[in-house]
C-alpha cells in the first residue's frame, strides 16, 4: 500500500547538480538499500523523499499520491514517513524516553499504551536503563540508538534510515539488523535504507540501489549485484571486487565463457547475450581466488604486497602479471601466514564478464 | 619517544563511574586499538588522555612526563597530542583548507610549507577539489575525511583517533586504513585508535585493548584476542564468536584438549595450565564450523533459524542441541542456499577453552 | 501495519491533518497581522504626518529642514558617536561574555549579576553620577587628590564623554546577546583547536569569536539602536559640550511651538529611523556572512586563564565597581537624606523617603504594579511571537519573510517618544468593530511596548536560530506535529537560552521605560518610569531616588529568586548562572 | 451627572487635591484628569489635533505661550464673563481665552555654602562664576522659555544677559529639576530657578536659597482654559469660576504656590508678590516670534 515511485528526479544545490535523473520504483513493503560512496547524494535523495528538499525536476509518488513535483510539494509532516537521521537530531532538552514518546504523543496515542511502547522499544535497543538521561550525557553510539528507537516507535508505513548503524559495534549492529528485519516483516512498512556498508545492504535488502555521483547505476537483488554487476563501478564497489582485464573471451552458450587471464585459461560466467571479445573487463572477488599450495598445478604468479589479519582469515593484497601491475585480493584461512614480498601462485575459480556499457546510465 | 603509561585511571561523571582502574602501558610508536561496545567508556578514555577531562584517580604519563593526576593537569594545548573527533568537530567558519592549515599556522609553520603540506594531505584523502568548500556543504563522509586530514597534517608524536572511519564506505575505508598504516610507519607516532569495528582494530593494531563497562578486560595482540580470548566477554565480542558449553574437558598436554560437545567428541585448543573440567565454556567462531554434506559422518544436528546473504558467503544462524537452545553461526560458501527451518549437520573443527575467571578484572 | 494505523484512529487523524494543513499559513498570517498592526500601521501614520503635513507633499520644506546646517551637523555627530559607542559597548560586552562564559575567572556568578544590573538604573542617574564623580567638586577625585582646578571644562562634557558613557551603558545588551550564542558553542570545536596546539588566546580569536559572530553583531545592533536613541546621556553631556545630536534636536522640536512642530519632529524622526535602520542592516549583514551552524548537545568548555586569573578577576571587579557602585551609591546617597545635596551623616540619615515610597504614595505603588503588569505582558507576548517570527525569518526564505524582517525592525529603529506620538496618532480614533479607542488606556501603552520592543526580543532569538541544527525541527515535523506544536515542544526549549536572553532584555528595558510611556500615561494608566520623572520635575529628587533604589533592589531580588528555580530550567537559560 | 476631562501639569498630589475640592463643591460634576509635564501634554494635544480627536475639555497647564499657541490655532473657547474682578490684567488673556491661577516666579537660587546672595541678574556675570551657573534651557523647559521671553523684553536686561552667560562658558541645559540638583549638590553656585523648586528643597534641608532680583522676576501663571471642542461648556465654566474664586486661591496657597488674588496670603517663606517686580510680555507676540527667538538663542550658545 505504500509504493514509492521516483521518476527522473533532479536536484541541485546552487551550481552543483547533486541528483541526476534518478528513477526508482519501490514496491509496497519492499526493503531497499541505497549503497554508494561518500558524497554521491544518498542523503539528498532521502531528504527529497522525506520532503525536506524541494525538487528541481521529475516527480515522487508515495502510496499513489504525488508528494513532490517541482510545482507541488507536500510538507514532511503530512507524508507519514519516518526518518532516522545521520546526525541523530535528538532533541537535547528531552530525556531519552521523552524523545521516543514525543511522536506517539503527537499522534494521540494514550499515555498507558505510549509508555509500554516506549519501554519496549527502548529495551529493544538496550537503552531501558538510560531512559531518564539527556542526549548530552550519552555516548555517540547510545545517541544513535535513541534516534533509532524514536523512529521504530512510530511504526510508519514508510521508513527512511540514513546510516542508522554507522556508529554501533558489531554486536548491537547484528542485533539491530535482525530487529530491522523483524520490524520489516511484522509491519510490512516500505523501508529505504541508506548505508555505505555493503554487508548491511546485502544482508538486509530485497533490492539494492547502487548510487554514484548522483545517479543510480544499478538497482537489483543482492545476489545479482554481487555475481552479475552491470558495470565496472558496481563491480568495483561490491564485495571488495576487483576489475581486471581478460583476453580472448569466448561465450560457451550456457551462461559461461572461456577466457585467458594473464596467460592462464579460465572459465567465467557471462550474460546470455554476451558477444565474443578479444579483450574485456571481468569482475573478481577475493573468494574467487584460491592459493595453490602445490607447485605443479598451473596458476597465476603473484607476490604479496600487504597482508592484514582479519580474525577468521588473512587478507592478502597481491600484485600479479608481468609488470606486477594487476592488483588482486585474496582471503587465506587464518592459521597460516603470508609475508610481504612472498611469491605465491593462485587460481581463479569464478569470475563475471562485465557487459559492454551500452546504456548511457553506466557513464558517470 | 612517546610512551603512554596509564595507571589505575578512575573517572566519574557525577554518580556514574565511567572508567574504573584502567591501566595501559603503550610502547612508543605502538599502534593500539581500543575496542568495545557502545558506551563502555572509549571516548572518555581518549578525552582523559588528550587532557579534555580531569581525572579522579590514577595517573597518565606521556613520553615520560606526567600529564594527568587528580591534582596536576597539563592543558591539552601543551600535550602535543593530535585528536580526530568522533563527530568531526570541524570549524564551520573555515574552509576545508583553512581547517587543515590551522594547526600548522598555530605551530608557526611558514606559509609556503604550510600550503604544500595542506595540499598533500588533502590529496591523500581525495578532497583536493573541495579545498575551498565549507564543512556545511560537505557530505558526512567528506567531513570525516577533513577531520582526518586536519590531524594527519599536524604529524604529532601521539595521535588519538575516535572512530575515524565510522562514516566511510569500504573503499575509502581500506584506502585510509592503508594510509594510517603508512602514516604510522613513516612517522613512528604512537597511535591510539578507538573503534567498534573489530576488523579495523585487528587489521591495524599492534595490540588491541578490549573495554567493557569502564574496564580493560584484555590487552593483547590481535591473534591472541581472536584465538585465545581470556574471558567470555572477549570471546563473545571478537570475530562474531559464540560461547557455548562443552562437557568433559580433558587437557591433552600439547595445548589441546578433548571434550564433548552436544554428545560429539571434539578437539579444542586450551591454555597451558588448563585443568580438567566436567563442564566448561568454549569459544567458537563461524569459521570453525563446517557443514557436513554427507549424512554418514558423525555431526551435530541443528536447524537454520535465519540465513542472510553476505556477498561472498551465506551466513546462517543455527539452533543446535536437544532443545534447540544452543545458538551457533556458520558461514557457507556463496553459490548455495539454506532456508529457514532446514535441518543440517555440522562439525566443529576448532575451538578454545576459555580459562577460568581467576582475576577479578574479568568481572564487570 | 494496519494495526498501527488503526489504533491511532483514522478519522481523528484526518481531522488533525485538516487543522494542520493551514497551520503554517495561519501562523504567517497572524504574524503579518501583528507586525502590520503594531509596527507598520502606526509608523506609516507617522510617515504620513512627516511627509504630507497638510495632506500634500512638499519637497521644498523637506530639503529646507533636512538641509539646514544644524541638522547636518547633528546627523554627522549622531553617526559617529553611535558607531563609536557601539564599538565600545561591543568590545566590553563581548569581553564580559567571554570571561563569564568561557573562562575560569573567580566568582563569575556574582560578577554577572553586577554586570547586568546597571541596565536597570535610568541613564540620567548614571550620567549624573559620573558627572558628579568627575566634577571639580567631586569628593571622589578629592579623596584621590586628583581634583580638577575649578573652571576647567568637565572632562565628560565632550563627544568622547558621550561615547564613553553610552558604551558603558549599553555593554550589558551586547553581553546578553553574546552569552546566549556562547552557550550553544559545542565543546569539540574548541577541543579540536586546543589539541591542535592553540592556547586560550588563539582559540578565542580564531574559533570562538568567529563562531559567535552572529550573537556579537546582534548585540552590536541592539547597542547601536540604544545609543542612537538615548536622550538622557546625549542631552546631559552633549548640550554642555555643544555637541548637538539628532535626538536632542528632536526633543527641541517637540518643545517648540507652532502648527508645524509635530510634522517637523516627525520628519527628523524619520531621518533618525533611516540612520538606525542602516546601522541594523549593516550589523545584520556582517553577522550573517558565513555559516555558524553547529550541532547541539553542547557542554560549555572553560579555558583556563592561568596566571592571569587573579589580575583579570581584579580588573573585572574594578570595572564593576566603577559602573555599578558609582551610580548606585549616588542613588542611595540621595535616597537616604531629606533634601537633595545634604551631606549624608548620622543626623541627616533618614528612611523617610523609602517609607513614603512604600507606604504613603498609593500612586507610586499603582504605577509600579502597572509597570510590572505591562512588562510581564510584553515579555509573555513578545517572546513566543519572536520565536515564531524567528522561525519564519530563519528557515523560510521568500518575500513575506523579508518583508516581515524589515517591518519588525522598523519600530525599534525609532526613539521611544516617536513611537508614543505614532501610537497616539494611530490609536486615537475608536477602533473598528470594538467601537471604543484604546487611547488613554493601559492597552495603548502595551501596544507601544510590543511595537517598540519586538526587534529587541527578536535579535537574540535570531542568533539562537542561526546556531540551531535544523534537523531537530525536521525530526519533529516527521511525527506529524504542526508548526505551533513544534515551536512549543522542540524549538522553544532548544532556543531557551536565547529566548530567556530576549525575555530579560525586554523585561529590563520595559520595566523602567520612560520615553514611550511618558506620552501615553493617564490618570488611569500610570507607569513607574514617568512617575520617577514627574517626582524629579516636581522637585522630589530624594523620593525619586528612593523609588529608583527600590526598583534596583526588586530586580536584584527577582534575579536571586530565579536562581532557586535553576535546577528546573534547561542549562544556560539564566544569564547570571553557569 | 457630567464628566469633564482635564489635562493638567500640576504635580499629581496637587492635581488630585484641586479636583477633589472642585468635586466637593460641585457633586454633580466628575472630573477625569490626566497629569503630565507641560511639553508632554502639548505633544499629546498636538497629536490629538493632527488626528482631529481632541480629548480634554479643560486645560490647566504651566504657561501662557502654550495656550497662546492653542488660542492662535482656534482651539480655545473664550469666556468673556469669567470672574476676573480684582485680578491684575497681566494675569489673564485680554481676549478672555485663558486665566492665570497662581504666580510661579523665576529668580536666582544659590548654594549658601559656596556662594553669596546677589541683587540683580547682571551681578551673576562675573569671572568667578565661570561655568558655575545652572540654567534651564528654553529649548526644553517651558518655564525657561517663558523666562527668556520675559528677560529679552525687559529693559536693561535683554539678550545681553544671555550673551554674557555664553561668555562665561555656560550652556543652558535641561529643566528645573537638574538645575536644582546642580546647586544643591554644589556643582553650581547659582541657578536660574522657579521659586517653588528652590523653596521646597530648602524646606527639605537642601543647602539652597532663593532670591528675587531687584530688576524683576519672570513668572508663569498656570492658566486655565476651556477647549473650543468641549461638549460641556457650562460645567467647564464652573471649573474656571472655582479656580478664580477665593476658595480656589486659598487652595493654591495650601498647595505651596503664590496665589494671585489680591488679599489671599501666600505660603510660609515665600516673598510677597507685591514686593517683587514682575516682568511680563505679550503672549501673542511671543507666539509669533517664537521661532526667531529660539534661533537667536541657539546661535548665541552655538547649539
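Every chain is named by a letter (A, B, C and D) in the order it is written, and numbering of its residues begins at 1.
To be clear about the criterion, a residue touches a chain if its C-beta (ideal position, glycine included) is under 8 Å from a C-beta of that chain, and two chains touch if they have at least 3 such contacts.
Every value quoted in this text rests on a predicted model; they were computed, and no experiment measured them.
Asker: B-C versus C-D: which interface comes out with more C-beta contact pairs?
Answerer: Pair with the higher count of C-beta contacts: C-D.
Asker: If you average the CA atoms of chain B and of chain C, how far apart do the two points sit, in angstrom?
Answerer: From the centre of chain B to the centre of chain C is 54 Å.
Asker: Centroid from C-alpha atoms only, then distance chain A to chain B, rounded to Å. What do you get?
Answerer: Centre-to-centre distance between chain A and chain B: 23 Å.
Asker: As a quick test, compute the distance in whole Å between the mean CA positions of chain B and chain D.
Answerer: 90
Asker: Please compute the C-alpha centroid of chain C, do the same for chain D, then give the distance between them in whole Å.
Answerer: One centre to the other, that is 36 Å.
Asker: List, in ascending order, every residue of chain B touching at least 2 other chains.
Answerer: 87
Asker: Multi-chain contacts in chain D: which residues touch at least two other chains?
Answerer: Residues: none.
Asker: So which bits of chain C are touching at least two other chains?
Answerer: Residue numbers touching two or more other chains: 295.
Asker: Give every touching pair of chains, nothing left out.
Answerer: Touching chain pairs, listed by label, are A-B, A-C, B-C, C-D.
Asker: In the complex, go through chain D and note every residue touching chain C.
Answerer: Checking each residue of chain D against chain C gives 11-12, 32-37, 39-40, 43-44, 46-48, 50-51, 53, 55, 65-66, 68-69, 73, 111, 130-132, 137, 139-142, 145, 169, 171-178, 180-181, 183-187, 196-197, 200-208, 287, 290-291, 294, 298, 301-303.
Asker: Spell out the residues on chain A that touch chain B in their complex, using ranges where they run on.
Answerer: Result: residues 13, 36-39, 43, 86-87, 137-142, 144-145, 163, 166-172, 174, 178, 181, 196-199, 202-204, 222-223, 226-227, 236-240, 285-287, 306, 308-313, 315, 333-335 of chain A touch chain B.
Asker: Any idea which chain C residues touch chain B in the complex?
Answerer: My answer: residues 186-189, 191-199, 202-203, 206-207, 210-211, 213, 290-295, 304.
Asker: Using the touch rule from the top, collect the residues of chain A that touch chain C in their complex.
Answerer: It is residues 1, 50, 52, 75-83, 85, 87, 89-94, 102-103, 106-109, 113, 135-136, 143, 150, 154-155, 157, 187-189 of chain A that touch chain C.
Asker: What does chain C use to touch chain D in their complex?
Answerer: Its residues touching chain D are 49, 70, 128, 131-132, 135, 137, 150-151, 153, 235-236, 239-240, 242, 244, 251-252, 254-259, 261-262, 337-342, 348, 363, 421, 424-425, 428-429, 437, 439-440, 518-519, 521-524, 530, 533-534, 536-539, 541-542.
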